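The structure is given below, and queries will be raised subsequently.
Here the chain labels run A, B, C, D, E and F in written order, and each chain numbers its own residues starting at 1.
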């Protein structure tokens, strides 16, 4: 089984972090590769960033469709996920969709830890798109009070607030760049913490094994089919 | 007042039809121009078509931001509307959003007449995005039984079914390419029929006159601001 | 084009304020008149106030239907809007409905600034009636802490809380009596602020120009038709 | 215990029918009186009909508040229920609200049998107001195919369609004028059939016995309190 | 009329308290008996507690179906209510469902006072099951700050917070063990306070009097029917 | 890795069918065992059937918790899933929840093929519990017209109707007893068909590999913890 993880931005460091998480998770008989997107911004924050990433992402999928058994979009705002689901017959999983739907199976409600305050409305819109608003405890970003903390401590403190004040029962790491910290946070918080990359691999490996893919009958039918 | 209507596809005929509708609607003191999008497909149907239209649309807005007072996206699936709202400080209106929200003010429920069966799920997703699912009577496309009719008659017969079977009280023309037939259909159907281009002009002219635009505080803040 | 704005209460001062806002907004070729409602209370706060305003409002519409091209109900709780939509074939717009639906086109979510705490549940019920609850950030009224401020400052401070604590991206002025302060608040707040009277004029002028009105097929069919 | 049932229309025959249903239902220690509304139309169908009934209804409540322990509004569209709840400290129950909320306790979903097609959107709006849309199987009115049947047979045939086609598990009689036929329909249909007057009496008698009434803290606080 | 109230736990003290509330409420011609459930835990808190109570509850209903005219399940989480509705042809009412649906008729929104923080998600899930989430102000339990208060004072202080901070207009006592304190709380709080046992009696007495019961057509059809 | 699949009924044939599906799906390093539930009915159809299965299911989990790494509940109505999630610290997956949430990732909407008409309301209630009602195209059971077909053909014809009339894009097999036919149906239908057992294995294997389990902080905390 060969899986290609597309990091929609062009940041090498994040690509390597995702690669490491993925490599640690999969069995030896699965070959998993993570590549960054040529022409994409260093970080996907705005709608324009998403648009800029699209041509490179489409190109990657088209060039690798035959060789790989499935694709993961490894940015938690699932940029261009609809178009990627549309253009290939191979299964495609977004880390945002996978981690939040998995979270809904592990507890009464979940909170998403986001990088910045600005990204909260966008994340809320994504959550509604996936019909998950009624299982959502909150979307939270580190605030002023956390500004002197290290990155990982910021997420930890933000997650604590989500658990106590918003009654979250599961924590979703809302950025691919947070990959690798889930198990440490889980230990401190005492609730399940979901890493997007791992979540997407869980779903995608299963789909590939059972030869399942995106329905091509209407919404995701490409113009060629 | 100067308004630029962006036809997200590259079809000249549709551009001219939109221009005619717009020209007939606006007062003389308003200058309205419709242009097609360079590099875009002839018709926007798939998610990939939307992505292909994006760079041209962004370019048009960037090059014309100073000269024009506001922009209309003239394709009823509102392709790339979020990114256009984000990149300019001038007001932007999509014909899908404008026509469906206006429809909700004119009756108990509305139906959207769509070109093809395939576009129905996509339209439903758009309607949910705008939180309009509870005012929707149905999305309907002409079916096999209408295949020998002329285009305009197809919409008319489809709208009749929406009114009788789905109890629609208002009809929304679900494609910019249907522009110009609203008043004839309205006469035959006996209920309000909304043309997307006209609907968007109603909203945009008002916004420009009162100096209103998209909120830049969070969701639509561009990376430069 | 002749527009009649019905102030559902009998307060002359508020009527004049609405008249001034409307007069400043419309082009010279539009004649707009605002009248208060005979027999109505000075201020519409309770359900009984709404009922008391009804006969006068109906009388105004019946007596002026031929002369005017459309009507605006200028109280933000849209009292008797359904019945007015029902009894006339001319287009009717409520300032509550118009301003809140317009707000939904300008940002991720909006907050309504209400006069008093007591009116909040009523406003929430109205928002649900318009299917807008999922775009609502909050309904807020000035609280004890604002009691020594001037009216306009009260709204400003309340709006600031809505933007910061409820993450509102657009502010809606929830009372016709607040008319005229929108642009000053907008400047202070940095987000769009919607005046109900202006919002309703935007919609109504468009409807009249394109000869659109309320659907008479079922919900708003009068007993005579 | 003394209960006053207000028939919001001025039809004597319907008043007597309601009186009979109520008289048969209550124990001897309860005195129940049904009166029609002076100045109201013969039948409440439009929004204007509702408005016309309001002054008479308010007058009845004001004049009888001391003498009676509670009030029922006996028209299934619950006309002016909000204002009546507001103006009196005695408990008030609408037959629409009572019968539909009771129906939700007796099965998976319910259908409302309505008099006319035109009243369906209005009834749907009422159902949404009561947050019951997710328990609703359908609102149905007799159609052309039933036109030669007697009234009672019309409701029976319409209810059969609701049970088979819409999978309704409970039937709600959607008009006070249908009172008295519930038990015969129940026998034929094999599912619970709810009469509005009986449903409201069930709730109101209980409220009076335990000295419960409408909350006066905010939404239903009258201007005098 | 003979009513059997099933206390799903095995606590004699709570059984007696329920019996007292019920005895005080009903007329003399109604015979009401409350029994605890053999084999059930002392207190129903977890899902396993609910399961443990089921066999005893089913046995009680089967053995008493002929003798009694209807059943009440007297635990506010309505344990095993679906199965009890299914196995008997006599009407069955849960105190959770009855009290919360009654609450929705008495004000704009209600809050449930729960015994413990842990039970909040479970209660929220129940509220969604009954489609009441949009009328809910909050579910609240006493917190650390109330730990030194007597039980009754804890509920009082928690209810005060619900009214002020969550804008609740009606209070629902979220545990059968709170029975008997409703009128004292009501006096202090100034809003209606609903006791579950009384609420269920109101509904059940009405159902029995009019010979109404649970629909047996589909969802609650037992395997024998 | 050792997985225990609990067939909540006592049917040996179904147990063997599930065992076969599971055995074919998993890698060699995973040991998967399916056992039926002692004391449970042959087929789970009613709420009482679910209750009867509970003690045996709880016993199985308690006796096998140490030996196995995770559990699957292999009946599509997910009987007693909440209590099983509560009593063990090992991950638990229901085939209903897993297959329907997976379906929501593969297309715009899904339909569930149910065994009997009677089970439809129950399934709808389950779908609402999982917040999936907005992604649901329909729940369908074979009807009279299919009565002479073989079982597998019944599902096929029912699924065809779901795809054409309800516009389903993904089919979910709504009974563990349908296991094994997914790939044949998929071939005929041209859309993804989800087998519950496979879907649950996909999720559970992933959870076990990454050491994830049900949140024990509130809703699923057992009384012992």
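Here, contacts are C-beta pairs under 8 Å (C-beta built on N, C-alpha and C of every residue); 3 or more make two chains touch, one makes a residue touch a chain.
In this text the structure is predicted, and so the values were computed from the model without any measurement.
Peer 1: Any chance you could name the chains that touch subunit A and subunit B both?
Peer 2: Chains touching both subunit A and subunit B: C, F.
Peer 1: Note whether the interface between subunit A and subunit F is symmetric in residue numbering, meaning over half of all numbers used appear on both sides, and answer same or different.
Peer 2: Counting shared over all numbers used gives more than one half: same.
Peer 1: Consider the two chain pairs B-F and D-E; indicate the one with the greater count of contacting C-beta pairs.
Peer 2: If we tally the C-beta pairs in contact for D-E and B-F, the bigger total goes to D-E.
Peer 1: If we define chain centres by averaging CA atoms, which chain lands farthest from subunit A? Would you check?
Peer 2: Result for the farthest chain: D.
Peer 1: Measuring from the mean C-alpha position of subunit A to the mean C-alpha position of subunit D, what distance in angstrom results?
Peer 2: So the centroids are 51 Å from each other.
Peer 1: Measuring from the mean C-alpha position of subunit C to the mean C-alpha position of subunit D, what distance in angstrom results?
Peer 2: From the centre of subunit C to the centre of subunit D is 32 Å.
Peer 1: Let me have the rounded angstrom distance from the C-alpha centre of subunit C over to the C-alpha centre of subunit E, please.
Peer 2: 43
Peer 1: Could you pull out the residues of subunit A that touch at least 2 other chains?
Peer 2: 108, 120-121, 125, 128, 134, 167, 169, 218-220, in rising order.
Peer 1: Pairwise, which chains touch?
Peer 2: A-B, A-C, A-E, A-F, B-C, B-D, B-F, C-D, C-E, D-E, D-F, E-F
Peer 1: Spell out the residues on subunit D that touch subunit C in their complex, using ranges where they run on.
Peer 2: Touch residues, subunit D against subunit C: 45-51, 54-55, 58, 80, 82-83, 86-87, 117-118, 120-122, 125, 128-129, 218-223.
Peer 1: How about subunit A: which of its residues touch subunit F in the complex?
Peer 2: 25, 27, 93, 97-98, 101-102, 104-108, 130-132, 134-135, 163, 167, 169-170, 183, 190-192, 194-195, 198-199, 201-203, 205-207, 209-220
Peer 1: For subunit C, which residues are in contact with subunit A within the complex?
Peer 2: Where subunit C meets subunit A, its residues are 108-109, 134, 167, 169.
Peer 1: If you look only at subunit D, which of its residues touch subunit B in the complex?
Peer 2: Listed in rising order, the residues are 120-121, 124-125, 128, 133.
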